[in-house]
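Shared between the two complexes below is chain A, which pairs with chain B and chain C, respectively.
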Partner chain A sequence: MTVAAADPAAAAAEAAQPRRRRSGYGRYAGVKVLGALGSLLFMLVVNFFLFRVLPGDPARTLGRGRLSTPEQLEEFNRTYGLDQGLGEQFLTFLKNTLQGDLGYSILYHKNVSDILVERLWPTLLLVGGSTVLAAVIGIWLGIRAGWDRSSRFDRFTTGGSLTLYSMPEWWLGLLLIAAFAVGIGPLPGIFPTGGLHSVDVDPTSLQGVLDTLWHLVLPVTTLTLAYLADYALIMRSSLIDELRSDYLTTARAKGLRDARVRDKHAVPNALLPTTTVVSLNFGFVVAGAITVETVFSIPGLGLLTTEALAVPDYWLLQGIFMLSSATVIAANLGANLLYGWLDPRVRT
Partner chain B sequence: MSADVTSGAVTLTSKQLARRRRRAGRARAWRLFRRSRTGMAGLCVLVFFVAVALLAPVLASESGLSVTQADGPILAPPSSEYWLGTDANGRSVLTLLIWGARISLFVGLMATLISVLIGTVVGLTSGYFGRWVGAVLFRLTEWFLVIPFLPLAIVLATVLGRSLLNIVIVIGVTSWPGTALLIRSQVLSIKERPYVERSRALGAGHRHLLGKHLLPNVVPIVFANTTLAVAVAILSETTLSFLGLGDPTRVSWGSMLDDAYSIGAITTGSWWYFVPPGVCVVLVVLAFTLVGQALEEVLNPKLRDR
Partner chain C sequence: MRTRRNRRTSLVAAGALLLAGLAPGLMAQSSPAQAADDDVTLTVAMLNDADSLNPFVGIEVTSYEMWALMYDYLITYSTKDLSIEPSLATSWETSDDGLTWTFDITDEATWSDGEPLTAADIAFTYNRIIDGGPEAATWGSYLGQVTEVTAPDDTTLVLTLKKPNSSLPLLPIPIVPEHIWKDIEEKDVKTYLNEPDGGTPPVGSGPFRLVEGSAGGSTYVFEQNPDYWQGASNLDRVVFRVYKSQDPMIQALIKGEVDFVDGINALQVKSLEGQEGITATNGNAPSFNEIAFNTGAIDLKTGEPMGDGNPAVQDQAFRHALGYAIDTEELLEKVYQGAGVAGSVIIPPAFTTWRWEPPADEAYTYDPEKAGELLDEAGYTMGDDGLRTMPDGSPIGTLRLAARSESPTSLNTMNFFQEWLADIGIEGEVVSMESNKLTNVILDGDFDAFEWGWYVDPDPTSMLSYMTTDQLGSWSDTWYSNPEYDALFEAQQVEMDQDARAEMVHEMQQILYEDAPYLVTAYDTIGEAFRSDRFACLVPQPDPGGVWLFQSGIYNYLNMQTAENADECAGEANATQASSPAENDDSMNTWVLVAIGVVFLAMLAGGGVMLARKRATEADRE
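On to the complex of A and B.
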């Protein structure tokens, strides 16, 4: 303090600096929340233009097949503000969206938001379960591989991860179906080829729950394998980044056993980047399983996407797109908040 | 050695010197790259597939792609005549595979070209110009980065329609943000270096600074990143084609898998129809990834001990 007082310029700089440098968690969180809201607004604008302005007459593309009489067309235009100018149209769209009115599906003859809620659960079950499994297994593999770098285990894990990473996950699903559900040659398939439960079983009974789990084995295996490559590779490289840190030398010099140095000193620090990736990936829960759900006929949001695509049901597609974008933005915010809380250095 | 350089300096212009230095740099990079066994393996696989794609008309007649001219048995397993069996229309799977390599590689390379172009321009601009231009571009990049790729690509492909050019555009305009962020962070660090400051002090304009100092410095990183981006683009093409969003008139590995899936090749056990295209995708994507990683190691010494 005395040094700073001796030099007025330095004192002024010092007075100006702390406000920026010591910005607390509240400020950091505020900036991130504002950023997320900005992204959300931008996403809505893009959606608006993508679906309303690009494909020609919105009344015809959005309400295809449903609007036959001129009166219906007029009512449709009034409800969704299509008879107004572009600015008012956008405000109507914003109001409808914020009230949870995402339009009407011509495929299911229901409100889009109702369909989305209905189809959310299978996806959450499938992708959520796979993400957790993949994170646990992937992190474990990454730690083992990174700690014993260039060992046989490391080469096997890294090679396997890269191969899985290069594979379209739905193709892996097809291979698993062919091998374990259809069967190869004389070997019969033991798992169901698709669906979430058998037709003749009540899904709420104990037998029904077991039946659902049985149906989920192959799709969950597929997604877990597809996701874990990412986690294993990230965990491995961030552990390798820590390997030559001084604090590890200190820990070893204290005479700690190798496993303890790894688990208590290196891993907690190396976990930071992986934590962010895992929490980010939770955002892709909704978007991540389009192809795998299609291949396994799991009636979630992914299968809904391909169904909407075949029609094409623009409003349903828009609803799915908005929901998945919003989830990603929310998860991204969550990851940022978590990271800023765990690691004060990033709160700039 | 030193005498050589001094005597040469009299006759060599700065341009010639720079060119010499660059050539020496490339030779050094190639020596380092050759040391990477995985990188070389990837390169060999790539050379093989590119050769197959270029030589497709020699290796298999294009008439083998036509559904009406197909004369083979339907869904026949591999035989001496049809090495990889036939599809549901009686076409040779091997012929489809060879011609599919063209489309898959073409889409992968073109889409990457677009995405790297957008990414480089956005990254350079947002890193170089501070203030609001940089801030706005950075926000845009961040937004594109978090938007889930597949739903966005599906929406765009549906809106634009199904053609080869559109699938290239869709993949290109949805996959640039990674490149942009990478280049932005590089530019931010390079533009603070003394030699850039010196150039600015001597009165260099934006064009000179960007073209002579910043761009040449980010090119190596762009190069390694491009190789990795091709891998992702080929994967994206396969997935979009599998979802029926590809060009319906062209055969790619993705569209073959789509066909195989829709005729039920999985339940009938016609493995020769759905295994080979997938294996090709995995091989090419893995090869691009390995080459890209080896390049990154060559160009970024910090990564070398990994």
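On to the complex of A and C.
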């Protein structure tokens, strides 16, 4: 827009267009998409070199007890292209990545893309599910708490969500396992202690899907409780900011019920900051939740990262980081586009 | 903005889904108990996944255990002391010059697709390894000196060697079917998964068949081979479940979700020992942990000294004196929680044939005064500042004691070592690093001492080889080099008389004990526990005192019994007995579940009523 405004002719032409607003959004969106593509390219470069400076030598680590002769070490390095120069390796990497080939995992002896797909679903279910739940419940709690500031409900919600927020996730998870998976006293242990599905159930059948949901109850609860404060507190404070606004007085003067003033007038205006947090957090969904995945033995991307780091399995790490940075960039882009659409002021 | 009504509907939908979710959960909960009547499933919980189900690719212990269920081997191991016992090979003989080995092969084994397993399959597998390439990476060392393997007929296998190899017939190599693997080219071996394809297991001959599971997966399901040539297992199914942390795994055992847990620590074993229906043990593993020294790293191309190792630890007399400064009993009690055996030589106690026991006048005892005297004799006298000096009077400096950051045992051991060194006037500093980094530091010679450990094969050759000059820059982690030791190593490799060979192996251990590139701290244990109210007749390996699963060989998968049939193993002295079942409150579970369901329904109904009323008032208003 600033560029367009600098050229009076173009600005005039645009002003003459009856659909000026849409074309302005198109330009805004175009700039944002280009920016995202730039970040993506930069990420690729960082991604490659970052893992090459990690300490450790995969041939030596994986070999302990196996690769005994220098010839075998050479063979290993040749197989994985580690004998080439760094520059040469980088060019090969760029070429393969553009062709959709993410390489071959030294740790699991499979294509990185296959492993990523395998591990993506558990993480999406776990972290995605908890993000949605935490956002919905958190926003709901935040609205109630902010609207009745300093009420008993507010104090209870704020105190409670902050307590859960400051608890280590793994500890909360272990407590839930002890209480609801094993059972304490009169509490029955009805939930499984870990994993994603029972052995006898075909995961693709309806029963399998329900079984997986059953396994996800405790881990999703853990993460939801931990994430809750994020949304509840932001929602609460942005609603409090709106409380004294004139338009609310107007709404009340019209004789609207309190709940209606809140839901139809105050909340829509207070929702923007929360929208940002929600969409940004969605970007981090694929990064996984290492601690909760560990405690509940869920084979997700978070665990995969720790496993790959131990070797280090360059190709697998590259794939994971590429996937998660691409998601973060995409989520940022999504947030930007959504913002530009929700609030025309940010387009200039 | 969505309207209130929509939101409430979606809540009802979510509630219905959750309620529906209760049903399969209930079924899944009760199914193991039901299955126990007609179907015996052993569920094993462990901390590592299989890195590959292809026996030419994987290197993890877990993978080895799974191949052992899927495939047969030429030989197996006794539970008593891991000595070699017949398996596919029913008997064998060696020519007088030790250059020809002839094995008689059973004619009873068959592949899971119905083809017979013959000596030709074994020859095929071995020849692929001898040919080199990826197949040789894991198994090549076992076929050292073997130039050719032939199968003159279906039940005879002949190995031809260029030099005698005293480790034979130690051939723990899974035999793969020729009719399947001949179509897999050498360049494709690395990427061949060998995993079940839509429920069809990979073709194998072992007592179990892998029907579900994948490298890096979290569940592996093995079904019994009912026609197994050595007799079908008493287990219908073996399921491996991968847990990523220990505590939930132990909770799963207490709850009964799994029957067996492997890889728990000594404290957890202690806590499980009191539990009803559970038997736990710290099984002696064929492994040792040691404090190792940089005995003098050299650049292999030039032969010049390399790295920055402290000159003091390069002196045999210095290291030998430190042997008296380490209190292995205290380490065992404080660091290993009393589980294990105090360390001495590099061959663990289980291998009675090969192990050398240091005689009383030579054994390291914890004796700081004697350590001090020996150091004085060697010239490392006490300086004015209370610290010992080098023989030339210069300060020794601070010894860097490297511990592996991922192992609490390693850190604790080095902390104790630092204190013991201080007691005799030597400064040390514990540095903690990842084992990856430590490997590099060792190979670069930039270290003074570190703590680590080894697993030891039933045959001593591989362990002894790590201390030879040939292994510098490769498997040697101390840069130890001793021509006398190297000569004995060569000699024992070709000595076909076991007694004569054992004598050489003993002598080698004595040399290492005195030269002290390693000061062995402890023979470690692996914690295992299982539901003894469901299973019985597990025999430890080594017997007594060993582990129940993840042994060498698969004795217990074939011979363990359900608790009801526990009397069938009465002959085995150290087999586990059945214990009375733990209290089961299944009825309680169901009752509470019903209550939760009722409360949930009530909430839904209440919500529905409220919703209806709200809508009514809103309609009034508008």
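Basically, the second predicted complex is superposed on the first by the 278 of 348 C-alpha atoms of A that agree within 3 Å, B and C clash if a C-alpha of one lies under 4 Å from a C-alpha of the other, contacts with A are read in each partner's own complex, and residues count from 1 in each chain.
FYI, a contact is a pair of C-beta atoms (placed from the backbone, for glycine too) under 8 Å apart; a residue touches a chain by one contact, two chains touch by 3 or more.
Since this is a predicted model, take the numbers as computed values, not measurements.
After overlaying the two complexes on the shared chain, residue contacts for A:Y165 are found with chain B alone; chain C is out of touch. Residue by residue along chain A, chain B and chain C are tallied for touches, and C comes out ahead.
By the touch criterion stated above, A:P219 is placed in contact with neither chain B nor chain C. In the superposition on chain A, contact of A:L174 is made with both chain B and chain C. In the superposed model, A:G142 lies in contact with neither chain B nor chain C. When the two complexes are overlaid on their common chain A, residue A:D211 makes contact with chain C while staying clear of chain B. In the superposition on chain A, A:G283 makes contact with chain B only, while chain C stays out of contact range.
Legend: residue contacts after superposition of the two complexes on their common chain; A:S297 is shown touching chain C, with no touch to chain B.
Applying the stated contact rule after C-alpha superposition, one finds that A:T193 touches each of chain B and chain C. Judged by the touch definition given at the top, the superposed model places A:I320 against chain B, while chain C stays out of reach.
Overlap of the chain B and chain C contact sets on chain A: residues 55, 170, 174, 177-178, 182-183, 193, 294-295, 310, 312. For chain A in complex with chain C, the touching residues are 55-57, 60-62, 64-70, 72, 79, 104, 107-110, 115, 118, 170, 174, 177-178, 181-183, 186-201, 207, 210-211, 213-214, 217, 257, 263-264, 267-268, 293-297, 299, 303, 307, 310-312. Contact residues on chain A toward chain B in their complex (touch as defined above): 35, 38-39, 42-43, 50-51, 54-55, 162-163, 165-168, 170-171, 174-175, 177-178, 182-184, 193, 237, 240, 283-284, 286-288, 290-291, 294-295, 305-306, 309-310, 312, 314, 317-318, 320-321, 324-325, 328-329, 332. Chain contact summary for the complex, chain B toward chain A: residues 139, 142-143, 146-152, 154-156, 158-159, 231, 235, 238-239, 242-245, 257, 261, 266-267, 269, 271, 274-275, 278, 281-282, 285-286, 289-290, 306. By the touch criterion stated above, chain C contacts chain A in their complex at residues 1, 4, 17, 20-25, 27-29, 31, 35, 41, 43, 51-52, 54, 57-59, 137-138, 141, 190-191, 193, 212, 214-219, 221, 239, 241-245, 247-249, 251-252, 254-255, 257, 434-437, 439-440, 443, 455, 471, 473-475, 585, 588-589, 592-593, 621.
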